[in-house]
Amino acid sequence: MNFSVILTTVGILAAVSAGLSVIISVADAVLNNYGTCQLDINNGEKLLSVKGGSSLLSLLASEKIFIPSACGGKATCGLCKVGVLEGGGPLLLTEEPYISLEERKQHIRLSCQVKVKTDMKLRIPEELFNIKEFLCELVEVEDMTYDIKRLRLKLPAGESIKFKAGQFVQFYSKPYGKVREEAFRAYSISSKASETDHLELLIRLVPNGIVTTYVHTALQVGDTVRLSGPYGDFYLRGDCEELVMIAGGSGLAPIRSLVYDVIEKGLPHKMRFFFGANTMRDLYYMEEFTQIERDYPQFKFIPCLARPAPEDNWQGVTGFVTVALEEQVADSVSKEAYLCGSPGMLDACIKILKTKGFTDETIFYDKF
Amino acid sequence: MAPNISPLIIFIASIFTSNMILNNFLGMCSYLSVSTEYKTATGLGMAVTLVLVLTTAINWPIYTYLIVPSNLFYLQYIIFIMVIAATVQILEMGMDRYTPDLHAKLGIFLPLITVNCAILGVILFMVIRNYSFVQALLFSFGSGLGWWLAINMLAAIREKLATTKLPPGVKGPALAFIVTGIMAMAFIGFSGIFTIQ
Amino acid sequence: MKENPRHIPVVESLREGILSRDGFMGEDTRPFTDIILDDAAVLASAGTNAVELADKMTRLTRAALAQAGQEVVVEGYRVLVEDYMGRISCPFRDHRAPKRNTQVWDNAGRQMSWTALGVHLIRAHGFFQGQGAPYRLEPAQLADFLRALD
């Protein structure tokens, strides 16, 4: 073994490595360069030129089109659905659990999993174009009950949010404690739609919840909060004479916004608001709604307590909100129902409403 | 000189009598760890077969026209491995671009395969046995299919075992080794047909 | 040993602060596949299986769901279901479960609690979560606890 052998060895290995690196770089430049891709949204309504190679979700976000998503592109929430009519390639294994057979026929895909490689034709619901991002300042926090907080957020100066009463925003938490990543969850707006420079949210603490724990323990007045919105098709249709509103817990939020919307716009609808709670300590906003009831005869407030304690001296309806519904809503004639609450309560109420003649077209609720 | 064996016989022998796993015990690592679900095992088997054929097709000319003439035998291992790694890398990019469907199925396995010793093993056998290009190609294809067959068999058995009551000591990889041993013994029966080394 | 590439995103999602604040693994250092195998063995020697237990748990939760927030007596157990808004994704990416907690007391005064996602993890994946995770259920204890439902 002499010096020249070592030298040749090093030389040859260097040459081979360099050669392979060059080949990989060239392949990368050729194969991973998708150039500029045209995104045609809703049949030419919007045309975007983007640099291919990334996920559809992130490219749309960079073009200020925010598709709702709760997991941030990890294919765990299944919310970021858009219609991909052309150029999306085959349905991926990661998408399969979230796309129903019906949706497959409509070319629905998860935008976080679809990589933009060619020109694409997309179908995106109109209302998503209005979604904006805001960096708000938290100006007020109030304990409404032992586990529900009211957050009042101030939009940046000069910016405003236009939303329909009943819609929700995505709330982004920052990393805290053991949580090392940003997370976000949907919360309905509880403030009036006419107030466009502030937003209010009602947030109930969920055991082991990432974002609600952040709100209840880490967030301080004065902090900056990132929001995007408005989202959702839970808003007033009003094609009727009476609105039957049902809420439980923090589900009161969008209903409060709806009630104010009807009153402020001077709409003629009669409203009945069934608010279900367990015990006295779960009730909140009682004075406010009683006051509205006094001021506006079109509005009736029906709080229902499932388990009033004897010392509460409870005068209202005792029992589940379903009991009050059963007794007080006679039929579905010229009525629409607006529901917000936990899935169990929603299911129970929808069951009763359907026996009264309500249909999927006259029952509205958020599915998040 | 290439040995005087029909490529077809090499092909069949490499599936059954000289099975990469059951006869040579190569590529055991991913074989054991990715054999708990049949579907996943199928994906990996497919990926191994594809990469085997491709890397053999590339490494054969490199060996014949670069290593042999320049007398670089002492560097062949390193060169083979680097070529395998580069090939897998480019293959993944190409698949992502042109066959997204296939990429969705196999993409996650490709990085795992770069360091699978069955791949290097096949190339080294090809060198030792002096195979011609056609022989080498069919040998690698057969070896891939054989590997695929073996992992699928084990995965099918392990899926059944998952719902079976087992003594605590043999759960998981331990029983997988035992099962593999029994399968290997069964495969010895094939050697009656014909053997290549 | 090499990790099954399909399991990488699952392992990630099981960590704390990804899907839930405290995650699903607790202080357990075993791979989740081993936890599943170990618990399955415990169940087998107790003469039951994950699906059977999940069915019983669902039975109790479902019976008390219409009266969420209130303690109800179901087949000799006291059951309290608490329902929250929103859903949580399964770390195995095949389900979105409602955020729903069930607390159960039996006649002997023993108490156990589970979530809707926890029941799904047990039924679909045989996963009882890692030691020290907030919703870890000991299979032997759970089987014993639910014995009255046979």
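In order of appearance the chains are A, B and C, and numbering begins at 1 in each one.
One rule holds in what follows: a residue touches a chain if its C-beta (ideal position, glycine included) is under 8 Å from a C-beta of that chain, and two chains touch if they have at least 3 such contacts.
Every value quoted in this text rests on a predicted model; they were computed, and no experiment measured them.
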Most widely separated chain from chain A, with each centre as the mean of CA atoms: B
Result of counting contacting C-beta pairs for A-B and A-C, higher pair: A-C
Whole-Å separation of chain centres (CA-atom averages), chain B against chain C: 40
For chain A paired with chain C, centre-to-centre distance based on mean C-alpha positions, whole Å: 27
Distance between the centres, which are taken as Cα means, of chain B and chain A, whole angstrom: 48
Two or more partner chains touched - positions in chain A: 94
Sites on chain C touched by chain B in the complex: 1-6, 8, 33-34, 37-38, 40-41, 44-45
Contact footprint of chain A on chain C as seen in their complex: 9, 13, 16-23, 65-70, 81, 83-87, 89-91, 93-96, 98-101, 134-135
Touching residues (chain side chain B, partner chain A) in the complex: 70, 72, 74-75, 78-79, 82-83, 86, 89-90, 93-94, 96-97, 100-101, 104-105
Interfacial residue positions of chain A with respect to chain C in the complex: 70-71, 74-78, 94, 97, 175, 177-181, 183, 185-186, 204, 206-210, 213, 249-251, 278, 282, 306-307, 320, 322, 340-345, 347-348, 368
Touch list for chain B against partner chain C, complex: 29-30, 32-34, 36-37, 40, 108-109, 111-112, 162, 165-166, 168, 171-173
